[in-house]
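In what follows, chain A forms one complex with chain B and a second complex with chain C.
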Partner chain A sequence: MKSFNYHAPKDVKDASKLASSNSAFLAGGMTTIPSMKLGLASYKDVIDIKNIKKLSGIKVSGKTVTIGATTKHVEVAESKDVKKAIPALAKLAGNIGDAQVRNRGTIGGSISNNDPSACYPSACMALNAVIHTNKRKIEAEKFFTGMFETALKSGELVEAVEFQIPEKADYQKHPNPASRYAIIGVFVAKHKKDVNVAVTGAKSCVYIDKDLSKKLSSSFSVSAIEGTDVKSSGMNSDMHASAEYRANLVSLYAKKAVEAC
Partner chain B sequence: MTKVTLEVNGKKVSKEVPDHTLLSVFLRDNLNLTGTHVGCDTSQCGACVVHVNGKSIKSCSTLAADVEGSKVTTIEGLAKDGKLHPMQAAFKKTHGLQCGYCTPGMVMSAVDLLQTKKNPSDQEIREWLEGNICRCTGYQNIVAAVKEAATKM
Partner chain C sequence: MASLVGSRVERKEDTRFLQGKGRYTADINIANQTYAVFVRSPHARAKIKSVDTSKALKSSGVVGVLTGKEIAEDKIGGLIAGWAIRSEDGSEMKVPANPPLAKDIANFVGEPVAVVFAETLDEAKEGAEKVKVDYKVLKAVVDPAEAMKSDAIHDGVDKNLCYDWLLGDRKAVDEAFAKADKIIKVDLINNRLVPNAMEPRACVVDYNTASEEITLYTTSQNPHLSRLVMSAFGGVAPENKLRVVAPDVGGGFGSKINVYNEEIVCSWASKKIERPIKWVAERTESFLTDTHGRDHVTHAELAVTNDGKFLGFKNETIANLGAYARVFGTVTPTYLFGPCATGVYVIPAAYSNVKAVYTNTAPVDAYRGAGRPEATYTIERLVEKAAMELGMDKTEIRMKNFPTQFPFKQTLVHTVDSGDYVAGLEKAKQMADYAGFEARRKKSEANGKLRGIGVSSYFEACGIAPSAAVMSLGCGVGLWESAEVRFNPTGQISVFTGAHSHGQSHDTTFAQIAADELGVPMENIDVVHGDTDKGTFGMGTYGSRSLTVGGIAIVNACKKIVAKGKRVAAKMLEVNEDEIEFKDGEFVALKSNKKKTIGEVAFACYLPGQRDEMKSPIPEGDEPGLIESSFFDPANFSFPAGSHICEVEIDPDTGNVKVEKYTAVDDFGRIVNPMIVEGQVHGGIAQGIGQALHENTQYDETGQLMTASYMDYTMPRADNFPEFNLGFTCTHATSNPLGVKGCGEAGAIASPPTVMNAVIDALGGQEISMPATAEKVWKACKAMKKSNAKAA
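On to the complex of A and B.
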């Protein structure tokens, strides 16, 4: 790993001042550190945000659950508040990576990295999340812009993610047997007025399957999406799953999720 | 350079190291605690698992500076007064190892599991050990070891 300067500021203002085009914010480091070790990324300054107290914690209000950026996966998975308000979100967090990754990895890190196979982005999309940064609030749909790309600008730091509490929701994942990343992950959320079906792992970036969402909005049942032809065009094809197989999994796991709701 | 002060296996240590020093490197190269192994070096194999403030983590993917001020337990810190920790004794008894390379990480992960779950099922043990890869045993005797240790811890 190439050398860098390590910083651990105590507030967001200082963190922001240290940021440059040649810096990275460090939360759990579960992607940043391996990427630096492999030489895929290198920075002059690494800004550890763990000491910024206000970035950690879980708050439930009437209609939303807000999770601080440095809150670890294990904390979300074990949170009584999250389990009560959005059990699907706690379940998702409890199945990310392995126990050691969940002990370090954070929600802010996961969504800022926007890995095309990460679990959290699908929850953000399906649960109409609003991403709070040190500069503004961004709707999930506008936040995830492409493969490993987000709307975050240089020096902009995710502070918290605010999820809308749905009537019902479930997340179903077909994990890669080694990494536990989603070969396919489908997050179905039934809100008062409509249903969102968010898909991760299938394409270069998380997306809402509009067809499945529309059908489930008119009738929230497995039969409503039975026989839906999910198109494989634009889907990833690799040694683990072809595009056609992924397309089939999207439809299958959407049904599983509806069943589990 | 950065000064890293930790409590490792109950002893306070302080060393001046380059900022990018990994915890695994700090333990092995600076403290000569070579029981913590580095297998894949890409965070998948779990041979490097240690406890930081009681929780298992992968030391090859953590900066030493990041855990400044923490209590770290490595495999060397488990045995007390020359007596094996119940998990180590269970691995020995059930032959939960062959080459032994993954064993320190396996043991540290398994100890963390039993701290939170007293009597895990086979399924729970296997799921918990997802982050620890063994290429010799086929895992059967590792699961048996964790079950055996659960009766002693």
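On to the complex of A and C.
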């Protein structure tokens, strides 16, 4: 690992002041540290944001659940409030990676990194989340812009993620047997007016499957999507899963999710 | 006193391991040490045009940079292949030179080309980045099946062929096949595995400028052999100036048998730079450069009669050696494989043909089971397929071909001293509720799942030693094991063994057997191993040999202690030696019932001038002291055997395979510590299930290892396994006085075919290659649905 300056600011303002084009925020470090150790990334300044109290915690209002950026996966998984308001979100967090990863990894790190096979982005998309940064509020749909790409500008810090509480929701995941990231993850959320089916792992970036969402919006049942031909074109094909297999899993797990709702 | 052999004594080593107090090589630091970082080839095959070290030498903190040129100039020898194999046509195997640092050509990704030493690890890394190697990249040979048709990688190795070996009789096989009602055929790939010891390889070298002695702390399964090889072949230092210490070692599975490039280079360099050196592999380096396992492409056939009798067997195998032939690299696919090819069956005619090829991949060597898992996989797939094609029950066809007389002289090489294969399979059937399978299958079916059952019966030849046998098979040295039992004057005992524990619990097992022999509490015994300065020369631990060979040396040394003790006690008690009985740690004069404890006798051996007796208790012709040693070279291998049964359930929608039940009934002869043996079986089965379902080593066509981290290489985890159901049948070995057979590898030998037979059974007989990953199984399920639909 190349040497770097380590900072641990106590508030967001200082954190953002320290940021530059050659810096990284450090949350759980589950992605940042291995990539620095492997020499895939190096920074002049590493800005640890875990000491910023305001960034951590879970708040539930009538219609939304807001999770601070440095809240760990384990905290979401075990939160009584989340389990009550959006059980699918607690379930998602509880199935991320392994215990070590859940004990350190954070929601802010997960969505800022936007790994194409990360779980949280699908929840953000399906639950019409709004991402609060130190500069603005960004709708999930506009936040995830591509593979490992987000709408975040240099130095912009995610402060919290605000999820809309759905009527029903479920998350189904086919884990990569090695890393336990999602080969495929399908988040189905039934809101008052419509249904969102968000898919992660299948393509270079999380997306809403419009066809499945539409069908389920008109009738929220397994039979409504039975036989839907999820196209494999544009899907990832790698040594862990072919595009064809992924397409099969998307339709299968969408059904499983609806069934579990 | 109750016998300790046979009881579940808790492991002595648990205290330190479970409390994080183990002392591994990486825990060792020496004042003034430098850190080594190796510059490794990023290409699978490339000419090294030049190596420019000038910038690296100027880099901050760098103490020295060495390359293949310097090591060649110093005439340091390369890595060796330990066994000479002859081809069927009588020619010698072709073994290319394997220099510790590649000088002219690099032959696999990760092969070391240069090394940088610096004051800190970061500075060494930085320095390594500044070594500029100019490569001319050549087309890599990756696929073993294509290797013989590809460019020759090594000068003088035509068709990349190391040898084309035959064991058995082609003519007899042809005749047997001509008489067969049916010929069963399989094409198999035995997938390459990365050993993944929990502790990555490491070495710390201390050069004493005054005594000119090198001390090498290293992650080795066999420190004495390492010293011998480095001294005799490497020319690093004479043996008396080289001390090799393998402290706690966190798993080996065969990957730590070899003396590796890094150990040779650091030992040599430490003398050159006159500084201690520390090198610890990163996980990626382990993936790239630890010797890998398996990697066979096999076509095999079994000739059978309509009523299920086996008449003949043959296999044609291509074994991938990787870029170089290493210590057990050439013997693993031959004499550790071929002799077990006919499995536990009476098969009157057989041959095994193996072509070993070089490719631009990491060297392949022994990995838990070494050759025997590949053999077992081949025969057990054939047998299962035979049962299916003949419409016979899979256990019945096995029973029908088991030998019932022991010793059992096999067609190819081995004479198996003892066993009861029928009893083993019967017990496994009972424990697995074999009869109830159909009901469970129906239940799974009702839930939309496919359920399959698989059986495999195995035997293996282990306790790798019998010198006469292994030397006739081409081993460069005899293989035996040594022990020294040293009574200290105050009664504690040090047991020195040439075997090495890196997870096998020798501290406990060996203390148990010595305690029984000497009649002392286990707590009085310390097992010492892993240091060439402590104890006699030994061969190390692999091939399930530690107890069956090393343990027996301990028993024999203890017997010598008792024999001498008897003489001394007789003199002390003033009776004839034949009037003394040794029991429970006491020498008893039968007539008078006077006694001396073994501790008192030991004390007297060291401090003979006892005031009240005013005469020496040391009999004439004996010397003071109580130390005895023994070298044990058994008459034969040991032949554990058993039957395993596995049930899997497949979700046809995802292809996920769940191992629902796993039953193993093994015959390890007498069992010293059932708890430790069960642990060995658990680990072996876990590795075998890993091979069957999860572990998928993949190189791309340019020779880059695609699965070089845990993000991509699937290690099986606890939630991949059911609770293992273990049973034992114990027919004692006749080749050693304890009656023990090796248990370390059996689980990994028997389980891959057991699991695959179950998967293939669930898939209605459709062949599928290891690892049976979810996607492969899903595709097979789809094909099955299609063909079922057609049939309907």
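The rule we apply is simple: the second predicted complex is superposed on the first by the 261 of 261 C-alpha atoms of A that agree within 3 Å, B and C clash if a C-alpha of one lies under 4 Å from a C-alpha of the other, contacts with A are read in each partner's own complex, and residues count from 1 in each chain.
We adopt the following convention: contacts are C-beta pairs under 8 Å (C-beta built on N, C-alpha and C of every residue); 3 or more make two chains touch, one makes a residue touch a chain.
Since we're looking at a predicted model, the values are computed, not measured.
Legend: residue contacts after superposition of the two complexes on their common chain; A:I33 is shown touching chain B, with no touch to chain C.
In the superposition on chain A, the chain among chain B and chain C reaching more residues of chain A is B. By the touch criterion defined above, A:M239 reaches chain C but does not reach chain B.
In the superposition on chain A, contact is made by A:N248 with chain C only, not with chain B.
Once chain A of one complex is fitted onto chain A of the other, the partner contacts of A:A99 are limited to chain B, with no touch recorded for chain C.
Once the two complexes are laid over each other on the shared chain, residue contacts for A:M1 go to chain B and to chain C alike.
Of the two partner chains placed around the shared chain by superposition, chain B and chain C are both touched by A:S179. Judged by the touch definition given at the top, the superposed model places A:K50 against chain B, while chain C stays out of reach.
Once chain A of one complex is fitted onto chain A of the other, the partner contacts of A:V161 are absent, as it touches neither chain B nor chain C.
Counting contacts as defined above, chain A residues 1-3, 38, 178-179 meet chain B in one complex and chain C in the other. For chain A in complex with chain B, the residues that touch the partner chain are 1-6, 8, 26, 29-30, 33-34, 36-38, 46, 48, 50, 74, 97-101, 103-104, 178-180. Within the complex formed with chain C, the chain A residues making contact are 1-3, 38, 174, 177-179, 181, 239-242, 245, 248-249, 252. Residues 122, 284, 653-655, 694, 696, 698, 706-707, 710-715, 773-775, 778-779 of chain C are the ones that touch chain A when the two sit in their complex. Interface of chain B with chain A (complex): residues 2, 18-20, 22, 41-44, 46, 49, 55-58, 60-63, 65-66, 68, 109, 112-113, 128, 130-132.
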